[in-house]
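As structure tokens, the structure follows; a few thoughts come after it.
Chains: A, B, C and D, in written order; residue numbering restarts at 1 for each.
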Amino acid sequence: MNELIILIQCSDEVGLVTKITQVLASNNLNIISMHEYVDTHNKKFFTRIACRGDDLQEEPFKIEMSEKLPHGAVITIVVQQLKKIAVLVTKDYHCLGDILVRNQFKTLGAQVQCVIGNYSYLQEVTQQFSVPYFHISHHEKDKQEFETEIRNVIDQFDIDFIVLAKFMRILSPEFVENYTKKIINIHHSFLPAFVGANPYKQAFDRGVKIIGATAHFVTNNLDEGPIITQHTASIDHTYGVKEMIRRGRETEKAVLLEALQLVFEDRVFISGNKTIVFK
Amino acid sequence: MNELIILIQCSDEVGLVTKITQVLASNNLNIISMHEYVDTHNKKFFTRIACRGDDLQEEPFKIEMSEKLPHGAVITIVVQQLKKIAVLVTKDYHCLGDILVRNQFKTLGAQVQCVIGNYSYLQEVTQQFSVPYFHISHHEKDKQEFETEIRNVIDQFDIDFIVLAKFMRILSPEFVENYTKKIINIHHSFLPAFVGANPYKQAFDRGVKIIGATAHFVTNNLDEGPIITQHTASIDHTYGVKEMIRRGRETEKAVLLEALQLVFEDRVFISGNKTIVFK
Amino acid sequence: MNELIILIQCSDEVGLVTKITQVLASNNLNIISMHEYVDTHNKKFFTRIACRGDDLQEEPFKIEMSEKLPHGAVITIVVQQLKKIAVLVTKDYHCLGDILVRNQFKTLGAQVQCVIGNYSYLQEVTQQFSVPYFHISHHEKDKQEFETEIRNVIDQFDIDFIVLAKFMRILSPEFVENYTKKIINIHHSFLPAFVGANPYKQAFDRGVKIIGATAHFVTNNLDEGPIITQHTASIDHTYGVKEMIRRGRETEKAVLLEALQLVFEDRVFISGNKTIVFK
Amino acid sequence: MNELIILIQCSDEVGLVTKITQVLASNNLNIISMHEYVDTHNKKFFTRIACRGDDLQEEPFKIEMSEKLPHGAVITIVVQQLKKIAVLVTKDYHCLGDILVRNQFKTLGAQVQCVIGNYSYLQEVTQQFSVPYFHISHHEKDKQEFETEIRNVIDQFDIDFIVLAKFMRILSPEFVENYTKKIINIHHSFLPAFVGANPYKQAFDRGVKIIGATAHFVTNNLDEGPIITQHTASIDHTYGVKEMIRRGRETEKAVLLEALQLVFEDRVFISGNKTIVFK
């Protein structure tokens, strides 16, 4: 018996769960776990079903399911396999280091195809893990040129997601649109506080008693994309900017890796500017 | 349209969700939210379904549902109404105070029918809230006599749950059996650490860096009943027993009130020595 | 032997701790605990010393200490006694309820002299605790008139601090200046995110995964005063505004009461727009 | 001006802070930060002083200080330098991976001299970081022989601390005594709950709602050594042992690395069976 995950999102209407479970039953799919959520504001329905079955014919199944559901339903069948990712970095090693260690021990839920950095600082550590590193400097290039080089590398691989692991350049709308719902960023504040540059400096100036980090999908509104996970950590008056950065690293790393696990296990839906996360 | 909650627990088998949702549909019950869980160790299935419908005939519905489910299924229909509770206390005011304030402002999810204390310390504050207080001393009585007096008071009321809000007497097996799965206790440690008396003293002696509290159903194995919620708080070397008790109060209060809300909203199933909590 | 707390703040210079401890020794004051902090940005020094001694002559001691310290040092001697407070409320009961319970059981660290509300909703619960309640409506009054009435009540009492326990009116600069460093507010977001009105609505619209609360001193820059304590709580996509408000109450209450305890124990210094909190 | 850290522990008596600060002043040492703590149960005094000064003559300074302090005072002067450590592992990669990454980027606060494993699983990842790995199997050896081989490796290096990064063999009293107060272990439960083997299995059987991890110094009482740091994480009924292990890894890693940072910065004193941690 194979395990598979079925993701459905569609307009909400009465009786959806019954209809969906009937189609599953008629295809001899046994439900292991099922999550559903109705976004009552936008009248949308989301479900993630983990199930077991044999010899599922994917296309006929999708057609049968579609006929029972409201027009426009999106049905995805995930036969368990590792996602393929590219990681973009600048100088900070802590998120990348954790990704590379997990990648090597096969607990990341994805395979790192390549690391792209706008500096060479992280080349050595990447190559220690036998992962290809591409140094693409942004110096003396316009943004379009810089991003074209990045895209040329990414598109060599069959990438499911791009992870910005403390990549400190702002990507253009053209770049982002090319990878809609595929780019995940870690932002070093509890958004929406301290958007933009130097959030720890902003946090220090304001005298906050907590700092945080936010993993989110990237859209063309800077720091405004759908939030996947957030965590905070308590600090006190003895923390200068330097101590906040050091403490913040731990939170950033934990938040990003938690978000990646959720995304790679197909637990995250995007609905407008928000996420639905089935844990 | 009325809102109601349907709770089902039964042996696990293939196709349960489909069968259940079909019965719901044939009775014109529209699912608002549905949680399900399979305890694969004990092969048991649990579901909590919030739904809307009109004119449901409860008994015919239960018969129809039972016929589709494995033998021995327990089906409960909760038409939304407040639970009725008795609160047992000794000297500590903090849990009781929070319960009484919420009770008055109708955010407890239950109605406090009475408070029973083995001292008179908390009589005044209880009566300030116009809740009846029964002072039943344990002095110069054997346990059976003491508990008979408590039962006589409790049984005057139509009680759904008994809340031990820092009640510091151990209840006898006879008492507990009489209110199976109806007694909720707050224990001032992160069980199973520091069972028994003076957990903060034990915590101090051990030099732990976290303290905690545990809300659990009471069984005849002291401090061994099914855990509903637990939380912890960080402490350091400057905490003596007195400071731990002060800090611990905040955690105890928060943990107990969270557990009560979950229980009163019918979100907690008991399965053997564990709970399933649908948040 | 009496316990007392000595608070000193002054410009920083080399050797301050030595000088201060010498004066303590020459006055037979035995240090129980000592906290110090140097704000290197503003070159300011802060210390809180808990000590024991007999027959301290406060004025000669202050003069002796001042002579050893940089010009402009502020020296405060606190002989342990309860602070006196006024509480301002609107409609939310949860912070007030907790304050009143602790006040009655003498664990607040302060004595509530009066509660002032711009509605009458919380009159009954206040009076249950035998605390005077003043209903001062803001309707059909200009702000100056409204605040004059409040001040007339407050000034009847010998108030150390004014606690805004979910008081939903913005106080004028004139009012605030009259009680500099004496007004403590609980704001229902993790400032500086979601300043202004309806922070939970803002949080919902943004799709955050954490909500929070902030206790701060009130200054004339709305929501910009020195932060004392902040905490956050995790939420998920199932939380609507109503659920956030319900969950948020627990955080608000915990944050405000923690802040009050710190302030009432003279553990909080204000330095510019920040606080130094000696826990 | 050099930065140095002075650690003092001695019997408590009146006036110690004054005496100590006078000696610092007479040696032209300027205090940057000072922490002190009196263990009133054991009448012991502990202080950690970070200060700046020039040309300190360590031995004369220690003699001068000793003469002012109670007999038996222990005075340590730490001129800032990296600690040297050996890491012992079995099969789990997550703590070791984090240590190796930080070691390479010089943010560990120590230099890893060698990694010793009783299996060869972690040899490759260690060597990727150009750190020597010694595979010392425990198979077909008695404990004494096994430990002698380990000691022979460790003693090649000038080791300050031995880190047990999920090393799953119990060390003999002889081994432990040889490295008193120098061995730090990460235990995968919130001690003292679930001592001994398979704590996650124990946690699963008990149905707890939180799991945790504990970093502690190793003594000859298994799992009873002085605790440095502890953290917990919330879980629910859906967590089997496997999911607890996966979730637990994150906590273990965070707790161990936090403890190591504190120890390597000389912020941790051991007093009997407890630690004093100056953060």
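What we mean here is this: a residue touches a chain if its C-beta (ideal position, glycine included) is under 8 Å from a C-beta of that chain, and two chains touch if they have at least 3 such contacts.
Here the structure is a predicted model, which means the values were calculated and not measured.
Superposition of chain C on chain D using C-alpha atoms only gives a rotation of 180 degrees, nearest 5.
Averaged C-alpha coordinates put the centre of chain A at 38 Å from the centre of chain B. Centre-to-centre separation between chain A and chain C, using Cα means, comes to 41 Å. Counting partner chains per residue, chain A shows two or more touched chains at residues 37.
Taken pairwise by the contact criterion, the protein chains are fully connected, each one touching every other. Across the interface of their complex, chain D is touched by residues 14-15, 17-18, 21-22, 24-25, 30-34, 36, 38 of chain C. Interface residues of chain B facing chain C in the complex, by the touch rule stated above, are 93-94, 97-98, 101, 104-105, 107, 125, 128-129, 246, 250, 254, 257. Residues of chain B that touch chain D in their complex: 37, 39, 190-194, 206-210, 212, 226-232, 236-238, 273-277, 279.
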